[in-house]
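For reference, the structures are reproduced in the following blocks.
One chain, subunit A, appears in both complexes that follow, with subunit B as partner in the first and subunit C in the second.
Right after this comes the complex of A and B.
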């Protein structure tokens, strides 16, 4: 059953890739050639999945603080690790696009800056875990930090980029007037890509939690 | 789709599409293999609490 679900997810992502690179039209208004804009179909879902992962880490941490079960702490750590991986991919794909479209890899664009701050915030979570030797103290401190992240992540991903002023980025999927000004095909690929990447995150997260459980059972807890 | 009607840009896009599909299929095969291995270890000691 799980194998069947995995192949359904593969088919879904394959359709998103075909949609992104062949079926959907390139986004209008880009100087570097229309096809360069197709990176958006991967960049946006990866940034979204990174945000979902950081929220999941906060939720698992809150559950840990409530029930004090080590598996919740391991789930939060796995979510942060995967969130950093997806966030780094979003950052790198964005920088490649920035070089093509804006001429420089780094432009101090509000969204570029805030995603780096979010990645640094969650890297500090992993560093904090390494810095405390006692298991119980480490879990409690890390959980408190990740719960604080429930405020920090939405602020850095959605509030700060709008507050910091003009951005080189195009309008978000839903703009300031809460309207969708997109070709339906573009919107379909973006939303289904985001959903597929989110599903992929939860599959990878479940695998990482199972590996952590095996490590715990064998006394190899990090 | 008639291949003889494709221009250079479309052929390049098809190549990029094929490379993407190969990379993603490779990732899925790796994750499926890892999942099977983890399941085998879990079945050897089924008392583990692995659900998050």
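Right after this comes the complex of A and C.
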């Protein structure tokens, strides 16, 4: 069953790649050549997936604080590690695109700033884990820090853009006028790409959790 | 409730009595802040009147306060672990009352630091202030958030290794929203040009950090 699901995921990802590179039309309004805009089909799903991963890490951490089950903490750690990987890829792909399209790697874009701070926060989370020797204390402190981050995050998302000003990012799919300003093919590839990356995240996450469970059973906890 | 308040007040009084015997935190924090602002004013010169002056100087003021807090506030709980009084404190005080007492101690320390540093800073970099009332409000509201976040991070750091550096690493990402808002509002207070953020988000940040601290502290404090 699991193998079948994995194969469906690979097929799905292959379809997304084909859709992103050949099927969907290039986005209008970009100067650096029509095909450079195709990076959006990978950039947006990766940013979305890192957001899902960090949210999942917060939920797992809150669950750990409530029930004190080591597997919840292992799930939170795995989610943070994967979220960092996806977030870093989203940031780097965005910076490369910004260099090609707008001429600078760094534009003080609110979303750039937000994701850099999220990466800093979750790297600090991993550093905190390294700095505590006792297993139980490490789990407890790390979970508390992750939940604390979840409390502060809304200010980063809603207040920082107001202070930092204009963004290069377009409005979300659901915007103020409640209408879709996007080619349906573009939307299809973006949504199925996001679904594919999210499924990829949960698949990798389940592998990490199984690895952590095996390590715990054998007394090899990291 | 009244016994809870009495507990918090007792923690506050205990910390201040210990502090006034040695004056360690006051001296290190105060001297750190004064040294830094002398270095800053020598490096920047009297740029208070120049067009970019208010922007640069309000950012630097908050950086000085932030680093001074980073130098002093980990002591809140590290001292308890080092003198082996943490266990007695665990037995004696309700966690939320302990958090409140420590928060109040840190807040008074920060306010004292701001009262010394800010006038000296404004005078040395020759920065005129358009609305002193707003400046005082922003400094106070910023100190509340800074103290609350520091108290929660300090209790985590006290149970870890490499405490000094870890404190800064854990605290800064959490404090960025506060810093962004406080710097914008300080610029408004100094230059008189309205910032694109109000005082309300800053107060909301303070409130949410305090509530999060009260809820998370018992789990962070008790092993």
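As a working rule, the second predicted complex is superposed on the first by the 204 of 222 C-alpha atoms of A that agree within 3 Å, B and C clash if a C-alpha of one lies under 4 Å from a C-alpha of the other, contacts with A are read in each partner's own complex, and residues count from 1 in each chain.
Keep this in mind: a contact is a pair of C-beta atoms (placed from the backbone, for glycine too) under 8 Å apart; a residue touches a chain by one contact, two chains touch by 3 or more.
Everything quoted here is computed from the prediction, not taken from an experiment.
Look at A:74: by the touch rule set out above, it reaches subunit B but stays clear of subunit C. In the superposition on chain A, contact of A:128 is made with subunit C only, not with subunit B. When both complexes are overlaid on chain A, the residue A:213 reaches subunit B alone and has no touch with subunit C. Once the two complexes are laid over each other on the shared chain, residue contacts for A:106 go to neither subunit B nor subunit C. By the touch criterion stated above, A:117 is placed in contact with subunit C alone, subunit B being left untouched. When the two complexes are overlaid on their common chain A, residue A:23 makes contact with neither subunit B nor subunit C. In the superposition on chain A, A:160 makes contact with subunit C only, not with subunit B. In the superposition on the C-alpha atoms of chain A, no part of subunit A is touched by subunit B in one complex and by subunit C in the other. If you check the complex, the residues on subunit C that touch subunit A are 152, 156, 159-162, 166, 169-170, 172-174, 176-178, 180-181, 184, 195-197, 201, 204-205, 208-209, 211-212, 216, 219-220, 223.
By the touch criterion stated above, subunit B contacts subunit A in their complex at residues 9, 13-14, 16-17, 20-21, 24-25, 28, 31-32, 34-35, 38, 41-42, 45, 48-52. Within the complex formed with subunit C, the subunit A residues making contact are 65, 117, 120-121, 124, 127-128, 131-133, 136-137, 140-141, 143-145, 147-149, 151-152, 155-156, 159-160, 162-165. Across the complex, subunit A meets subunit B through its residues 2-3, 6-7, 9-10, 13-14, 17-18, 21-22, 35, 60, 71-72, 74-75, 78, 203-207, 209-211, 213-214, 217.
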